[in-house]
Every structure is written in structure tokens, then in C-alpha cells.
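One chain, subunit A, appears in both complexes that follow, with subunit B as partner in the first and subunit C in the second.
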Partner chain A sequence: MNILRSQICTVLRRPLYRQLTTTARPFVPPAQLVFHDNLYVPGAKELDDSTVEALVGETNEREPEDDEEDPNDDRDKPHPDSPNFYTGRSSYYDNIIELQNAISRTRGTLQRLHLLPLPEFARKSLQPMPTVWKTPEEMTTDFETNMTISRYRRVTALLNELNEYLRIATTAGYADVADRIGSIISIFESGKKEAFLSRGIRKPVLLDQHGRSYTFGKRKTSAARVWMIPVKSTHETTSDVNVEEVFGLSNEPKRSSVNVTVSTILVNNIPIAEYFPQPVDRERIVRPLKVAGVLGKYNVFTIVRGGGTTGQSGAIAHGIAKGIFAHEPETGVVLKRAKLLRRDPRMVERKKTGLAKARKRYTWVKR
Partner chain B sequence: MVLALSRASLCRSLPQGTVCLPNVRTYANTPPGQQSPFKIQNVKSSATPKNKKAFSRKNRIGAFRSMNPSQLTVPVLQPRSSLSMPSFKPELMTENMIGQVVAFNQTPNDPIKYFGTPKNMLLEFRLLSQRCSVIRNITILTAEELNSAASEPSHKTRYVLTGPSGCGKSFLLLQAVQYCLAKEWIVIYIPRAKTMVNSTTTHVYDLRTQTYLQPNYAQQTLRRILEVNSANLQTLTMRDGLSYDRRSFSSGTTLAQLASAGSKDPAISSVVLETLLTELCRQSKIPVLLAVDDFQSIYNQKTSYRDPHFSAIRPYHLAIPRFILEFASGKRSFPKGAIIGALTAADPAFPVTNELMDELGVPGVHPRSPYSKRSKILQEYARGLRNLPVPTEFSPREAASVFETWMRDNALTAPANDELFLAKYTESAGNPKAFVWQGILGTLEGAAPVVNESTSWPQLREGRI
Partner chain C sequence: MYFLRPRPSNLVWSSLKSQKFSKNWCRQLSQAQGPLETEDDWTDFQQTRTSLKTLTDAMSQYGSEQTSQWSLRDSLHRPAKDATLSALLASGAHFGHAASRMNPNFLPYAYGTRAGITLIDLDHTLPLLRGAAKVVRAVAANDGQIVFIGTRPDIRPVVQRAAQRLGPQGFHVGDRWLPGTLTNKWQMFGHETVRSKRIIPDLVILLNPIQNMNAIQECALSNVPTIAIVDSNVDPRIVMYPIPANDESPRTAEIIAGVLSIAGREGIAIRETELQRMRLAVDTAWEDFHKMHELQGEHPTEDGRPSNSNTVGFDY
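Take a look at the complex of A and B:
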């Protein structure tokens, strides 16, 4: 006897893109299961007659009129939504099939548009569209199956192929095709795509309303905050014209005028010569300005903290290099070649067990 | 090693039975080159260098002496500097000469030779082929002040040059000395006043004056004053006679004769110096400049001298520092002239004291409160001193002139271009001493390596070797 026929059937889990909600199967304790036969069930409640009659009436309505009652007759059973119901991973296989259908349809469209197969030179000129798919954990919740590596790879292989067709469509300019593909792909894209793709890329430093750049520099355990502002060149006020000089009659030696602007570097509000008594630290700080060729162009104000002299001077140099790059991106190549834009990764190595210091071993004793 | 071998050979060569003592040294077994074979080793002798600190920083600086150019035989090392600059003249003290480097030429009464200069300046003059300095705007200012002081008593023009370490105070003082000398003043220049309070000269207690006299120092000072100002001193005569210690000078003797007598005999030198100064205070014909470097050393409450009770002697109890203190405070004054002192900012033995900093209005490195110790006597001696702040940095034009001077004197190791100049200027923040000593002279930058394309060896071509 098909006891479950009268139960509320669960609605099969649909593939996502059909956007159907799910209903859970309600739990009915065995004691409250309704038996039409008077079987002895331990702990069954005694139902009163009206309830029994109502229930009997219900079952009688549903009973087929002909006497042949096939318990396996599935005319009354609701059809499973998905043809893949009996795989046990219906939504997974539904999605796979949908993706494969989408791929084949798109392939056909692109072939008709003579975009496939694409020659090598055209493939190289395609617009790069890096994608970040959802993680296996996220896909597990979506597909309602444990997303093992092989299943994940299968899905991502199909998605990557779709992404290739998207690239071709967008580069070729077929916006409607591209939109359709894009709508399928966007379901499987990770929300952290932007953050992931922009990792490792420098954020462009913006200049504020006064034209100042604010950058950070680090070296060892020191950190420096560097503000750089272009020097305003004040034109030297010309003194009174010396008539003798003009006519070449003066005996004084002719001196060429020195019209350069000079950079002032303040570290923690102290001039650089006072804060760093060692010339090597000063040279390290001025080196980015030298390499970029902007020696008298910017005034620098720094606040540096932590570490010692070498660390602090290295941090300031790093910050100045980034500041120059912010003001003048053309100097990027030169600064990069001089390894000034790179945060020096060298840090103090830790002491290891069994060694006196990071590398120093204890004296070897023969016995 | 040689000794061991010779000992062994000796032992073998001697006949059997002779005692071979290893430590006996004779003419036979001393190593060659040793003067006295009987000299006992491992005993400190007077021939060994006295001072253990021969290589200390203090002595290393003074050890530099440039070689005589005539000793250079290698053509590469021949001096080929092309330094040609105008010589220092009072007429050059004009606005449009700011940034011009001028030379201090050798004259018969050269103050640099006879008075001397502070140590750092001395080394710089030894490195340069000509003694020179750059005219700054503060030089013009000081020259104008001295012009107006030429007709006023010295107690009205008492200046102290202040500024951070290395900003050019001593150089400015030297320029003032040269200027006044060229203007035919009488100049008394004491370049290292530290030496009169750091217990390096003899001091003798004098009952008459109740101060400690410094006879040797007075003798040296008289000799120097005489050498530099002999022409002017010969025109001046004593008003009153002097008789001291069986020597007597009548009232008409010239100050030059007085000074020469004092410079020959340390016994009377202190008295002669005092008399000379008194006479200079009386005459109003020739203005007198008293220029003192290391000015703050005489304002330190404790000198390095000790009295018999081992307490430190105060500077106003020493005769010569007392003179300077009296002139600096205005208690004694030349009828025409000026008093200029220059501080040494970074001397830990004789720091700038609170009394001076209060009077001059200098902020000082450490914060000081009204409760910090101050000496009333020294405050009295500091009253009326005026601060003449020296600019902390070179202007670009002045720095460029200095750079060109060193460049023409072949002092640069790196190629001389704008980049080097601006880099060194920026690194030193314009500070004159840092710019010259750590920037121009102290840099390790050299010429960029040139790749030789013509060699066949690839390593050489790439410039790695």
C-alpha cells in the first residue's frame, strides 16, 4: 500500500536558472501517520470518527475508479521536475546540461557568424577577460552536492569555454550574444572578482587639492608617511641694471646666475641633515630624486616611525619613490629599473633552535 | 723567527758541554737591524710613542698635512688647479658680490698665519690651494655694522654670532677680522679661546690683582698682536710710564716697543698685556676689534683649572678670560671699536651656558626653565650682548660658488654636474659644513663605469670587470 501517496510531496529541487523555490518535506511523526487499515500501531492515537470519515473521504476521492490498484502506478505521483531526479544530484546535472546546451547554441551562433573557428592572430587580439569563478564551497551550496575536485573541474571547464565565446562575441561587437552569455556566466562568478583581479596592482595615488601626494614607505620595521608638493619657482627679482656691465666696462668677473629651485626635505619636522648625521642615510633618501631627475622639483615632508637609521632612511626613500611615481608616471620605468619602487622584503631573520643566532652555529666540538 | 733560528744554529755550532741559555743575547745572536743588543725587551722606553691615543679622532684630524708640491714627481699628481679669484678687499663688500668667493692673500701681517684659525678652518685651508671664503649676505651686514662701529665706543657694538653647528660662524668672524684689518683697525683675534680655559697653559696666582695670571699665553698673545698690528702700534704711544719687576717703560714709548718687550719675557707679559689694553682703551685714534671664537668657553662657570683646594677656577678669576669678559660686558670699552664673539655650537666640554642663551635669546637644544642654575656674576658679564644670527643654510648661489671652487681645485671624485651639486645641497640641507665636508669631500660617488666596446672579452665589454 502506498502510504506516502497521501503525504505532501516534495517539490524537486530545480536548476537555479529556472529560479523556482523549494519546499521542504514536512516531518510527520510515525504516530500520526494515518492508516486506512486497522493495523496495530503502537502508540497510535485514537482518532475520533469525524476525522476518520474526513480522511476516508479524501482517500476515496483519490482512489481510482477501476479496481486495479497498482501501487507502482505513477499516474497520481507528481512527476519529478528534473529528468535527472534519479541521479540523486539533479541540480548538478541539470546545470551541467544547461551549460552544455548553452555552449552548443552559442557555438552554432558564432559559426553562423563566421567567428568560429578563429585564426591564431585573431585569438591573440581578443579582449582579455579574466574571470574568477565561485569557490567549490560556494558551488556546493548552489548545486546541493559535495563539489569534489572532478565535479568542480568539469563545471569550470564548461564555464571557461563559455567565457571564451563571450570574449569572441564582445570583441566582435555582437552585444546581444555577449549579453546572453554574460547573464549565464554571471551566476557562477565570484563576488570577490574585483578584489581578486586587482590584487598586486598598485592603486593610483591621487593628488589632493593642493597638489600634494601622500604615500607610504616601509623598510625593515620602519614606516614612513611622505607628503610631496611641487616647489613653486619664484623668479629672481632682477636687481638694477649695472650700466658698466651692460657696456662691458666693468672689471668685476662676470658670474652666471644660479636659477634653480632646491628641494627641502623635512623628517619629523627636522631638516634631513640634522636628523640623519650619516651621509649614507642622506644619500639613500635623495637617490630616488636623483634617479628620476627631479632634484629641485619637490619639497618633501615625512613622518617616520620605528626601526633604526637604515630602516627609516630606506622607508623614506621608498615613500619618496612612490610619491615621484604619483606625480610623474613617466618616471615609473626608471624607478623600477633602479628597484626603488619595490618594498625591500629583507627583514631580520629569526633565531632558530639549536643555533646561536639565525645562521651562527655553536662551536663544533669533536667529542 | 730569525732569533729562534739563530739560537738553534748557535747551539749546534757551539761545542758540547757549553751551556746554551736561550735568553742570553749577545752580538752573535741578535737579529740584524736592532741597535742595542743589550737592550732589554718588553720594557716601555721613552723611545716608544708617548700617547696611546695617537690614532684617536682628536689627533687624526691634526695629523693631516699636505705634501710639499715640489716633492711631487709623478706627472699625474702635479697640481693643476685653476683657482683664480679676486682677493679680499673692503670694497668688495657690496650686494652684487654676494656669492663670490674671495681669497685671503698672504700679507706681511697675515692674521691667519700669526693669529691662527680654528682647527676645522685650518684643515680646510690646507686642502684648498688658496685660502678663501664666500661672501654671504650676512658678511655684508656685518661689514655695515663694523663701518658704523668705527666711530663709536666698543660697548655699543658687542655682537655674538650664533647658529647651529656648521653654519659658518667662525668663517664670518675671520671675514670680519680681515675686513677690519684691511680698514686699518687694530685687531685682536683669539681663534681658540678654549685654550685659555682648558688648563693647557700655565697659570700663576698673582696677589696684586688677586687673579690667576697666564704668562705664557699672554706672551704668545702679545707676540701675535705685535706681528699683525705693528704698523698701527708704532704710531701709538704710552700715556703713563710703567715700571714692573726692575723693568721700566717711560711714558713716550710706543706700544709696539712695549708689546715686543712683553713678548720676549713671560715674566712681565701679563702686566704688559694689561697695560697695552689699558692704553688702547685710552687712545681714540684707531678703532680696535676684539674678535673671540669659542666665545662660550669663557662663559662656563667651571674652567678646567683647579685651585689648591681642587675646586674649579672660575673664568673671571683668570686674567685673560677676565679681560675678555670685561670688554664683552661693556665694563671696559675701547673709545672706538667693536667686540665680536662666535659661539661653537657643538662642543660638549664647553657648552653654551644658560646665561648666554638667556641674554642672546637662543632657544638651545634642551628646554630650560627659570629654575635652571644660572650664575649671577656671569649673567652680569653677559649683559648687553647682542645676537647676530648667522643663516643656517647657504643660498643656492653661495653654494654654487663654493662647489665651483672645490671643483676647480680638483676635489671632486664624481663628474661635476648640476645633479651632483643639487644632490649634495639637498642632502646637506644647505648647511655649509655638511655641504663641504660630507657632501663634496666625503662622498663616495665616482664616475660611472664606461663599457669598452672594442675588447674581445665579453666580460670586459659588459663592464663587469
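Take a look at the complex of A and C:
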């Protein structure tokens, strides 16, 4: 029935005298060899016993070459380990199957615990668990195959599903289930996970032993280093006793006394009024303090370099805003709404060829 | 086994009396609740679901009597040992391809045409399937390596389960068969693996032969017997044991792969019992031999036979 097989069998059938016709021995014309299996060859001569022994010995000692193989030897060898051996990528498919098994096992467990299928309101209350998987290059070494986009997507789809189950298990409080899933997921998690997840998050500014904050502000090409320290109030509130108020003889209503302090702002060791003669710049610097409502509360000392008046005042304002946020995190919302915590990205645009300035074009001439 | 954290017992009557089964519990389940904040909220959520399930299970015994006990068989996880005509018909195994595309060599297995497609004669399919199952059983019983090839996403789990049933002797290819797996094995697997492990399989079973002509060609070149599900647009002579059936139906593939893999499993079991029997026979023979020697050693006689006074009767 198998036509191809009969045609190919003739090609693969080995000649009887194969072992004696290679070039690694002294040449004996085939007509002079005697065949011991009763084939009549006219004019054949008997070989010496010693020559026959030498020839046989050589064939036995010869290392089998790559293309020669006795199929009967195969029967004694063990089976390949992986059931995915014939795919050529056994470790990749083994891992895929392991992940699929883990998913089905976990799904069964969560279904028995009535945590699956999860309705919408419950899904919203799951704690967020962002993860960063290994890059395709890192996975290539793990799986021992080149991780193309499609293979990577297949793996990450399975891992994301496992991560969902991990979220459900941890939020519902099943630590042992969560640990088991976590141990599988951690194999595929990137080592740079913390770094990746914390990018864009500001590092908290710490106050030093004296209660000072040290922050940095930038605008255009100016950079400002800002130190802020709360003003110590010397005014004693408890010693003043109004005799008339105590005996109820006063007609004026009781006013709550607000402790107003006076603060100083020094720029490059020069008072702000001297360093910035223009009120625009002074306003710009004081705006964060006004917005946060802490105008006289902090003494500010800055060292600013680079740029001109606008750049320097903008840089100081940026630094002051960050400093206020360090001292009082509750002001964060207000400062963010006023866009004071944002480093203004506007820089001087470069001049382009064919234009007079960055945008200004030369006068258009008709002819 | 995972259980809920210890709570008061969840019997039907206590559940009915408890708060969970107030007038609004039905509405609770169907409508959206607020977000679940604490772990206790989650436990309550699970509790409500468990109570409903317990109630349903308990009350089902008072429901109507079901006379029809039929349930759909999961032919992926628990396939049938033998394929029946009705099962093959139900899975659509008799649907061939377009009549205009019919291969003339397929004519012996065609029942006729209807609605422009060739219908496959399942009366030919069944004995050929049984014959193929015999081959699989025999190969498995002789410690043969069997490879299942099914390269579509819907039949990928079928070949995986089929290979699992054969244990260390079963292999599967669910994605593309790389050309040169058998004919270029030295480059494919490396010298160490080819020298130490058995590479050429003893039987290859294909569930979609048209997409795997490379594999069929390589098996022919390497003298590997093949079994395949041939559809009406395929020449059945490309493989050694064709099984004429619909190659596009996943249910048909489940039935056929199930029959063949279970036959393979039986072959392995036959081999195991045979090996056990042989081991037992060898062990008992050795025991007899040792006992004979002991007796000879105690009472040596001229002809080597033990003396009559102290013989223990042996049943030969």
C-alpha cells in the first residue's frame, strides 16, 4: 500500500560487501576477494588468513561514522524524556504544559471555594497586583528556544491568567494557594520588577536633624537648590490675660488669635527684594507659599545658578513647592492642581536652517 | 483539599433560619453589591454562595424524577474504548470535502455525494479503525515509540491526552512538525542525544495529514509505519493504515485518537503482565534450583539425587 516505501527501500538496502569497500585499508580488487556466503565469483583468489584477520580487525576497531547506524542498536537505547521531544523544542512546550496544568488545578480549587466565577463588584475590589514579566531575551535562555513575539505572547497570556488567580487568592485570604501560585509566577518575573514599578514615583524628601528640607528646582537652563526650615515663633500665647474678658465686662467678641510669623527668603545670600527687582519674579517665587497658605511659615535659603531672571525665579518656585510638599504632604493636592510641582518642560527652541529663528521665516519674495 | 475557614455548621435548616436567607438574599445574589473591603466580606460572599449550593443540592432530591439518565460523554478526558457507528455519525465523521475535490483513489471509501460533498462510508471506517488499533496495541506491547501529530489548535489537547495515556512511550506534536526531524536528526537533536536515545519512532499517527505531508514523507524515508485520518480529498495510499473519516471535526479526532491511545495503553498493560509473569517464572525456577542444591549439599549421593529419607516432595 505504501508506494513510496518500496521505492525508497531499494535505495537504503545495504550491499553485502559494504564493510570491505571503504578506502581506509590496502586496496584488494573485489574480483580477488573470496566470499564466504557461496557466491560464485570467477577468477577469485583465496586471501591469506592474516590478511582476512587484519581486515576484520580494522572494521571492528573503526568508529561508526555519523551517517552509519545499525537500526537494531536503537532498540536498546532508552526513550527520550519529554513527550514533546519530536517538536524540537521540548523545554518550551514542557513549560507551556506545566503552566496550563497549574492554571487548571488552581481554577478547580478556586471554583470549589466559590471564588470563581467572580461577579463584577467583587472583581473591582481585588487588590491591584502589577507584575513585570521577563523580557523575551531573558526567556530565551529559560526555554532554550528563540522567543518570537507569538511564543512570548502565548506564555505571557498564561502567566497573566495565573496572576489573576493569585490576586483572587490573596485578596480572599488563602495564603497557601497564593504561595503555590506565587512560586510558579516568580520563576518568570523580571528581576527589575521593583525598579520598573517604581519609575515615575517621586522619592520622598526627608527632613534633616534640624528639620530642614533640601529640594531641587529647575526651569529653562536654571537650577536652584532650596533649603526650607519652619520659623520658630517666639510670641507667647498663654501669658496674655485680658482682665476685662475674664470678668465678662468687655463688649467686643472674642477673637481667636492667629500666630503670624515673619519669614525671610534669601537668594544667593541676598534678600529677595534686592536680587529680583521686578515684582513679576518675586510673585512667581512666593506663589507656592500663597497657594499652600504657608506664607510666613518657612524661612527659605536658595542657591541658584544659570539662566536669567525668569528661569531663576521659576526654578526657585519649583524648589519651594517641592519643599512645602516635603514638610506638609496634605498640601500635595492643592499644589498639583496649581501645577506647581511640575518641572516646566518648556525650553528655548533651536534655530532651524532656512529660517531666521526657531519659527520666524524670512520675508517671502514673489520673484 | 481546601475548605472554608471554620464557621458554624451549614445545615439547610440553620441556613434557612439565619440572616442570609432573609427576604432579600435572592436579590443580594443577583444584584450588584458594594465592593468587598475586608476578608470577612469575602468570607460572607463565599458563605452566601455555599449556602445556595447546599440548598439546591438538598432540595434536588425532592424534585421531579429524571427518567433519562443520558449525559454527554467527555471524549477528551474519558474517551470510549471502541468507536460505534452512531458515535462516529454523531461527531460528523461521515462528512467529506467537496465532491469536485474528491481524490479518485478515495472511491472505495466513499458512500456517495449529497449537497455537493462526498459522504464517507463508515462501514469501511470501523474495521480499518479496529485494524489500526490492533497495530497500535502490538507496537506498544513491543515497547514501541508512538507519536501523535495534530497540528491545529482545536486538536492540540487531543494529541496531548492521547500521548499521556501511553506514558513514556507516547509523544505528541501539537504545533508545526519541523522538516528534518527524522531525516536531519543529527543536526536537529545533536550528536549526544542521537547516540544515547531512540530517535526514530516505531509508529506515527496523524490527525491532519494534509498539513503534515513533510512528516509523512520523512516517515516513508525512515521506514516508519503511519496511521492517518484520511479525508475525501486525500489519496489514502500515502499512509500505511488509512482511516477514512472527517479530518476537520475535533469530535471525530477525539473519538479516533481515544480508541487508538486506549489500544496502546492495553498493549503496554499486556507487556507489563507478560514481564511480570516472566519474572515470576524466573524467580520460582531459581528458588527450585537453590532448594535442589541445598538438599544435594546435605545428603550427597552417588548419582547426585537427594536421598529418600529427607526429601521434600516437589510438584513438577
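Worth a mention:
We take it that the second predicted complex is superposed on the first by the 268 of 367 C-alpha atoms of A that agree within 3 Å, B and C clash if a C-alpha of one lies under 4 Å from a C-alpha of the other, contacts with A are read in each partner's own complex, and residues count from 1 in each chain.
Everything that follows uses one rule, which is that a contact is a pair of C-beta atoms (placed from the backbone, for glycine too) under 8 Å apart; a residue touches a chain by one contact, two chains touch by 3 or more.
Since we're looking at a predicted model, the values are computed, not measured.
Of the two partner chains placed by superposition, only subunit C is touched by A:112; subunit B is not.
Contact with neither subunit B nor subunit C is seen for A:326 once the two complexes are overlaid on the shared chain. Contact with subunit B, but none with subunit C, is seen for A:260 once the two complexes are overlaid on the shared chain. When subunit A is checked against subunit B and against subunit C, the one touching more of its residues turns out to be C. By the touch criterion defined above, A:83 lies against subunit C but remains apart from subunit B after alignment on the C-alpha atoms of chain A.
Touch criterion not met for A:317: it reaches neither subunit B nor subunit C.
In the superposition on chain A, contact is made by A:274 with subunit B only, not with subunit C. Of the two partner chains, subunit C is the only one that A:120 touches; subunit B does not reach it. In the superposition on chain A, A:286 makes contact with subunit B only, not with subunit C.
Overlap of the subunit B and subunit C interfaces on subunit A comprises no residues. Within the complex formed with subunit B, the residues of subunit A that make contact are 239, 242, 252-253, 255, 257-258, 260, 262-265, 271-274, 279, 282-283, 285-286, 289-290, 293, 295-296. Taken in their complex, subunit B has these residues touching subunit A: 86, 95-97, 99-100, 164, 396-397, 400-401, 418-419, 422-423, 425-431, 434, 438-439, 442-443, 445. Those residues of subunit A lying in contact with subunit C across their complex are 1-5, 8-9, 12, 66, 71, 74-75, 77-80, 83-88, 93, 97, 109, 112-115, 119-122, 124-125, 171-174, 176-177.
Against subunit A, the residues of subunit C that register as touching in their complex are 2, 4-5, 32-37, 39, 41-43, 45-46, 49-50, 53, 143, 145, 147, 160, 163-164, 168-175, 177-178, 181, 186, 188-189, 191, 193, 196-201, 217, 220-221, 223, 226, 237-240.
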